[in-house]
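Next come the structures, one after another.
What follows is subunit A paired twice: with subunit B in the first complex and subunit C in the second.
Here is the complex of A and B:
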């Protein structure tokens, strides 16, 4: 069975790949059930009913503390779009979008560092050093320097993720075979023609993959910022609910975040495939 | 004929190891030079020097009497690997050069570019046909082509620029013998038709003799030493049979020369 040349059939593949999910869910409900026998009011491992209630509250009810909370009544979509979860999702998404937008100059910097030795020499050592700084360790400095509003949270992500993306883009640029660059010159391209029309086009799908692999880091820094200093957002809510032991809402929130991240990853993967049909993923 | 390429007393040193030393060579316009030699003798370095992709440690490389510090559109290049841009279709690979030359980076955003593009693609189709490829191949990406087809496209990509010099670095080394033979005949035909000066690097002496009007053999007297020109052999066109193959008498003369210098075992004798 455990042979390196084994080729599991469809049923085996399906069973094996879903087994741990099923086992995890079973273990959860077993634990929940056991705890509820001892204490019917247990909040640590909520029962299915408690989870359903928490999910309904999160997905369909507005934030009770919010002054301009939307309607408590109305159609299901209307309730959802004025719900606590949606409001938090929009707030976090804005920060996430800002962070993603800031990765564009990071990619361009890495590309130019790889292509132009002068730019590479100027930035490389500094960014290598910058990359070693633990972003969370400078959080207090960021809050002092930029205040506790949006800028400090975005800066946290910038410090945490951009050096990695810059260095990835730099390395990918360097990995383009020199023959391609020479070829570009022999075909009449100048420095920027070679940079943008040959090298950038070749590294872009790999850069997108690198960003995909860093999505979790982006979210990690976003959540750290929101948990420490924010008035809204998914992580802010999770931190708030922690104080009230609101596990029945925290768990749906965690799963919602995982789903969102999965969807962003999937969208990026499909987009990458669509705009780079030549790229065969390793 | 005037000298198009002049290598004057070239020396190249890598990490204090001399690869080439006092290399002097002149190549006239319209010649087909096949550079041959054992692995590591510096033949690709010599090609890269002429290309402008590398600078000599000492000496000068003159193209048309001028030192040119970097590769340009007058020197076409067909390497053994990575000869095509993987992100572009065959047609886009071929039209890349004329597009860059005519429009540059910014000009490609103008409406005139889109009107001209159709003409360039038609021109690229003509080159595809000349290379023996099908029109349907134009929409394919390089990794959907065989090695031989890729090299045909790479030659078309270089020739569409009408370069003065075409530099081919072991361009057929990775091909199977049958494809390689076909490619050799194609390159000779293109050379005869276009009159482009070709410098073809190979480690296969039979290929060099089949292709070149001149065969330059690089080698070392001493294994630890640097390379120099061991032979610079003219292959008279009249010694060739109608098929292009060098006649038996000339072949015997060349073989005797090469064997006599003790290079016979070092140079790959393969299919020509």
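Here is the complex of A and C:
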């Protein structure tokens, strides 16, 4: 069975890969069931009915505290786009998109640090140091510098994630074989030609992968920021629902966030494959 | 060889498990959860000084005291991981009671008499708040205090126009102090004291203007209290006995002895004696059991609980499917019930405080 040259057939593969999901779900509902026998209104481990109710509320009803929420009427899509889940997703996505956009200069900085020794010496030591600062432990400084509104949430992500991306781009740049750079020069390329058309092209697929690996950190910082102070967003809702054990809504939210992250990751992977068809690593 | 090692470990585990079993019938054991707050720190002192153990021995039970953050302590109580917990009257209603966990309050410890406050910058007045942002932990006593402040000043209709920013209580002080563009904040002590020290910050409203509405309790699950073997009753008696022995020490004649007790209580939250005393000054702590019992049995307490339950219902804190504020029943010491008589899940019991007052513990 456990041989490295084993080749499981389709049924085995299917069963094996879904087994832990099934076991997890079964364990959950077993726990939920036994808790509901003891207390029919248990909120800690909601039953299927409670979960369905919570999911419906999250996906189809606007936030009950929202002041300008009109009566939820109309078609399903209309209801969905005015639901609290959707408004929270939009709010969080904006912050997410901003922080992703700010990773572009980070990659460029890493590239130039790797190519131009003067820029490299200027930044490298500082960024190596900065990378080791735990952003969440210096919150008071962040509050003074960036306030507590939108900017601070984006900056928390940027401070937490960009040093890693800069250093990674730097290292990838350094790992491009020097022969290629020399070859570029002998063929008449200039500094920037070599930088953008030889080196950047090669590191880009790996940089994209490195950003993919950091998606979870980005999300973690986003959640931390929204839980510290906010008026909307996915983590804001989860923090609020925790105050009265709204697990039947929290669980759908958590699954939704997992789905979104999976989709972002998948999109980036497909995009990478599309623009860099020659790239053969994972 | 590895198998033998495994067998050895398993056997030794088994032996040690058997060995640790006491020969005599085990005492029923209970866990009490508490979190850092001026009115709850005494629980830390009670456990550390041995006062609690003394009372537990007297009633032949074992009591362990465990410190939590506030929200996790409530979660643990609702999940039935702990038997008793320190919480406010509002959370007792919107956490365990609304989750159908029958809960009995056995000690009315204190009420906030200025510990919670609404503060503003830039000379902002209450009637100017609509349209501005307020930092607070939503759906807690902070929001309650905020709504009461506006209601009492005739601004009830404008509550909706204030933008609330849900801010974590661990960061709210630094957030408000650090970002000077923020106009208003509602929080509790010790954060209130730090914020109040800032220049240009004024306190517009505090809980001494709504005395007796934010009450701190020690609650026990009713099924524990009603255990047929009577151990739950004994547990409650031990808690009450230890509590009032401690409050007596705390309220002793001013001097070195009392200060020593207060200092050790303050150490429960790594606080100083001065700071703890300052917090006590805005806390109406019922040092005497009679005062606590009188407060709990006073009909006025019902009016106050009514305000709290209305707030909880308005903000869906009694559960999203609650149709009416009466869905959760609250029983008072005289037997009267607020809300549904068929579904009483929060009970105020003054017996233990009264027993303590009569010296019957």
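Just so we're on the same page, the second predicted complex is superposed on the first by the 279 of 282 C-alpha atoms of A that agree within 3 Å, B and C clash if a C-alpha of one lies under 4 Å from a C-alpha of the other, contacts with A are read in each partner's own complex, and residues count from 1 in each chain.
Simple rule for what comes next: a contact is a pair of C-beta atoms (placed from the backbone, for glycine too) under 8 Å apart; a residue touches a chain by one contact, two chains touch by 3 or more.
Model, not experiment: these values are computed from the prediction.
J.: Which partner does A:143 contact after superposing on A: first (subunit B), second (subunit C), both, neither?
T.: The answer is second: A:143 touches subunit C but not subunit B.
J.: Kindly classify A:280 by the partners it touches after superposition: subunit B alone (first), subunit C alone (second), both, or neither?
T.: Only subunit B; A:280 stays clear of subunit C.
J.: Thinking of the overlay built on chain A, is A:135 touched by subunit B (first), by subunit C (second), by both, or by neither?
T.: Touch partners of A:135: none, neither subunit B nor subunit C.
J.: Scan A:196 for contacts with subunit B and subunit C and give back first, second, both or neither.
T.: Touch status of A:196: first partner only.
J.: Looking at A:53 after the superposition, I want to know if it touches subunit B, subunit C, both of them or none. Which is it: first, second, both, neither?
T.: Second partner only, subunit C.
J.: Could you tell me if A:179 is touching subunit B, subunit C, both of them or neither one (first, second, both, neither)?
T.: Only subunit B; A:179 stays clear of subunit C.
J.: In the overlay, work out which of subunit B or subunit C sits against more residues of subunit A.
T.: So, of the two partners, C touches more residues of subunit A.
J.: Would you sort A:155 into first (subunit B), second (subunit C), both or neither based on which partner it touches?
T.: neither
J.: Starting from the residues of subunit A touching subunit B, keep only those that also touch subunit C in the other complex, and list them.
T.: Of subunit A, no residue contacts subunit B in one complex and subunit C in the other.
J.: Mind pulling up the subunit A residues that touch subunit B in the complex?
T.: 177-180, 182-190, 192-193, 196-198, 201-202, 276-280
J.: Subunit A touches which residues of subunit C in the complex?
T.: 71, 75, 78-79, 94-95, 98-101, 133, 135, 137-140, 160-161, 163-168, 171-172, 174-175, 177-179, 181-182, 315-317, 319-321
J.: For a test of understanding, state which residues of subunit B touch subunit A in their complex under the given definition.
T.: Of all residues in subunit B, those touching subunit A are 51-53, 70-73, 75-77, 79, 81-83, 85-88, 96-98, 100-101, 104-105, 141-143, 157-158, 161, 163.
J.: Residues of subunit A touching subunit C in their complex?
T.: Subunit A reaches subunit C through residues 39-44, 53-54, 57, 64-65, 67, 139-144, 147-149, 152, 227-231, 236, 239-240, 242-246.
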